[in-house]
Amino acid sequence: MAEPAQQKVFAPWEDPSEKPIIRFEGVTKRFGDFTAVDKLDLKIYRGEFFALLGPSGCGKTTLMRMLAGFETPTEGHIILDGQDVAPIPPNKRPVNMMFQSYALFPHLTVWENIAFGLKREGMEKDKIEARVSEMLRLTRLEQFAKRKPHQISGGQRQRVALARSLAKAPKLLLLDEPLGALDKKLRQETQFELMDIQEKTGTTFVIVTHDQEEAMTVASRVAVMDHGKLVQVATPAGIYETPNSVYVADFIGDVNIIEGAATPNGDQVEIAWAEGLAPIVAKSSEPIAPGAKVHFAIRPEKIYVSREPDMERANRVQGKVIDIAYLGNISTYRVRLANGQMISASMTNARRLSRRDFTWEDEVWLNWTDTAGLVLTR
Amino acid sequence: MNLRRLFLIAVPYAWLGLFFLVPFLIVFKIALSDSALSIPPYTPTLDLSGGWTSIKEFFQGLDFENFVFLTEDSLYWKSYLGSLKIASISTVLTLAVGYPIAYAMAQSADEWRPTLMMLVILPFWTSFLIRVYSWVGIISNEGLLNQLLLGMGVIDTPLQIMNTPTAVYIGIVYTYLPFMILPIYSALEKMDGSLIEAGVDLGCSKLQAFWLVTLPLSRPGMIAGCFLVFIPALGEFVIPSLLGGSKTLMIGKVLWEEFFSNRDWPVASAVAVVLLLILVIPIVLFQKNQEKAEEAGR
Amino acid sequence: MNRKLSWFNVTSLTLGFAFLYLPMLILIIYSFNASKLVTVWAGFSTRWYGELLHDQQFLDAAWVTLRVGVISSTFATILGTAAAYVLVRGGKFFGRTLFSGMIYAPLVMPEVITGLSLLLLFISIGLDRGIVTIVLAHTTFTMCYVSVVVSSRLMTFDQSLEEAALDLGASAWDSFRLVTLPIIFPAVISGWLLAFTLSLDDLVIASFTSGPSSTTLPIKIFSAVRLGVSPEINALSTLMIAIVAIGVITASLVSKGAIKRQREEELAGNRT
């Protein structure tokens, strides 16, 4: 692939002239009384690594199975490359899927598994040979070509499944919890491998996962789903730094949520949250009605813990250390405030353990700036 | 693709309809017909060419005469009762013989189990007829058992086992034993061994632990095994006719004789219909038990 | 796990297997008895085997039985596999309950009733009794056993394998032919063997549906042993037991490899 001379940021969703490869238009899927996907609109662009993230039962797998053709929408349209896919059966769609269970054919060798789809296309023999070898090379499986699926490791099986679904060079590759069956270390390695392969082949990937870390690592954009609806679609950084709701903030990473009543003050908002304590001062990008009930969300690592109040930061509260979780690189402190509210704050462990600053029962100050947290109205 | 699916459904469907359902309806029809001394030995056959009147005549020709006949002749109800009695007793006996074997199999070392399983299943693959026949040489009056006992001086006249219900019990226990062992074994094998240890830990003696833990947990297997023996034993023909002699009345044998010796097809069909009605009860109970066990297994 | 068996367990196993195998063992021993009388052991002889092999009636019956067994179990396997596939994967269709009823009912039906009803059918449609009618009857009752064996395999079959085949562009027929069938094939084979054994074994249904020219081996054996012990039948039984034992042991040795492989597959599956 010819790389452009200067690296442009990949963000086709910000370009209004870009045509999406997939468009969901008011797609609803019901199973009897149960609505799995609810009037959903979504655009996915060519070359994206798109993650559908949500707890089990949120409708993400149904969404993917509709793309593959194993379910048909009850209402709405799915447009793939300008064409409504509704009448196309799964075996005729330019879409391939990597199954959660891998679904490797146990009676066929690795080579035959990868060649399966190509043979169905009626491709010539030598072309199949070439394509399978290419796929084996891509997934570093050359020496396992003659093995059966049960004779290779879990990680290798995962790569066979990937190679098999990529072999037909689909317009779109669907990955259903592709790393769910691997142990943690292998999963992390494989995540980078997946990204590498996605970049090399330029295929559009849509991945379904319930693991937020995985979604954040691999995806160009993440869609957080809940009860059949999209809650937020944004880049990983956008999802983490500016969640649009308590649900998303809570789903992605650790967060402290403080409830209170808002009073707008210029571009700032003052949140009254506990009697006898100073209101929280925060910047808000959206206008907030006076007296509105809001949630203030702040990540533990955005809070600075100190013995003395830090006057440079706009917000300062005092509390007592109740628990310390030592995680090696960082320590997380659970601090109880005067009103009983518990707040988590984490600090990197730059110093050795024996010289740690704070210990149980210590009185400490928690400090954060007016831009450290987010004011959420839902 | 849809044509293929239709074909896939239609062929076995049509086959079973023609060779299972239709014959069944014929049995019902003939059971309600009069017997005649001709070939085939019964009278009304439905003649559709006569239109509505012939259909009406056909239904008028049907009656319950044969069923009334079954209640009048004591041979029939005695054989139904005989079948029920023999099937029940042999089921209990099979359970008594099979349970300890299944239990011991479940207790044995893992590497032995497949072999033991194969030894239980192996007789099933050999001819049923031969297995029943193999007892003739043992229990007949001049058979091996009597010779052995006479030779040892335990008895002075040969025991009459052949041609008695006892011989039928032996035959049924022998041939249906695998059907009893396998479900009990699979129930016991699934059982967590630490349950017994927990029972003993909580103060049971070993026997109490067996009685209070093992036995209730193997109950679904025992029930399944009992039905698997009882249902086929009820309609058994080979065992009573080879081992039971003329005095052992079982309904399968009566049906056979009614058909082949007396050539009274309507009565034979009526006997079959009643046998089916009797069988419906244990079959439905068995089905219920299986469903319950399946749900519990989930 | 290595547990020590108590004396009670050892006793039940010993007595139990003695009960299961002694009668057949005795049968085998007495098939080599030179005397015609059961009671007298007159020395070792293979005389009865010789007589058996020269008895044209037995050979004819064996030939009929073998043909009926092979043909009917092949039909039964095709029909039973189709029926199992329809039951497990067919979804909803008109009369599904009746269909599954017709699959399971013959399993619990007394043979005398099945035989009687089929005979009445053959007479009412004017079909002469012979090999054809036995094949039809055996196909009908054994296909239900095949479909039970195959459908239990299909139920544990990971459906995403079929979806994967479709996803990779295979037609429904290709996905059955290239993926489903090869994977369930061992079950189809055991279904065939079961059908074949049941057909070889069947006395009652064959008696109802056979004609004078189509006596099967079980019918022949039955009429011979009704009158008591017959040394020729002992010899025949021994041969049949030997064939079955060899067959089952070979099959289990072959499948031991298959089971071991399957275990490895399962273990590998769990590991990941």
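Here are a few things to note about the model shown:
Order of writing sets the labels: A, B and C. Residues in every chain begin at 1.
Throughout what follows, a contact is a pair of C-beta atoms (placed from the backbone, for glycine too) under 8 Å apart; a residue touches a chain by one contact, two chains touch by 3 or more.
Remember, predicted model here, so these are calculated numbers, not experimental data.
Relative to the centroid of all protein Cα atoms, the closest per-chain Cα centroid is that of C. Of all the chains, the one whose CA centre sits at the greatest distance from that of chain B is A.
Each chain gets a centre from the mean of its Cα atoms; for chain B and chain C, those two points are 18 Å apart. Separation between the centroids of chain A and chain B, computed from CA atoms only, is 61 Å. For the pair chain A and chain C, the distance between mean C-alpha positions equals 55 Å.
Multi-chain contact residues of chain A (touching two or more other chains) are absent. Among the residues of chain C, those in touch with two or more other chains are 171-172. Residue ranges of chain C in contact with chain B, taken from their complex: 1-3, 5-6, 8-10, 12-13, 16-17, 19-21, 23-24, 26-27, 30, 38-39, 79-80, 82-83, 85-86, 90, 93, 95, 99, 102-103, 105-106, 108-113, 116-118, 120-121, 123-124, 136-137, 139-140, 143, 147, 171-173, 197, 200-201, 203-204, 207-208, 218, 221-222, 225-226, 228-229, 233-234, 237, 240-241, 244-245, 247-248, 252.
Across the complex, chain A is touched by residues 158, 160-161, 163-172, 174, 178-179, 182-183, 261, 264-265, 268, 271-272 of chain C. Per the touch definition, chain A reaches chain C in the complex via residues 68-70, 89-92, 95-97, 99-101, 103, 105-107, 116-117, 120-121, 149-150, 153-155, 157-158, 164-165, 168, 181-182. Contact residues on chain B toward chain C in their complex (touch as defined above): 1, 4-5, 8-9, 11-13, 15-24, 26-27, 30, 40, 45, 97, 100-101, 103-105, 107-110, 116, 118-123, 125-131, 133-138, 140, 142-144, 147, 174, 177, 231-232, 234-238, 241-242, 252, 255-256, 259-260, 265, 268-269, 272, 275-276, 279, 283, 286.
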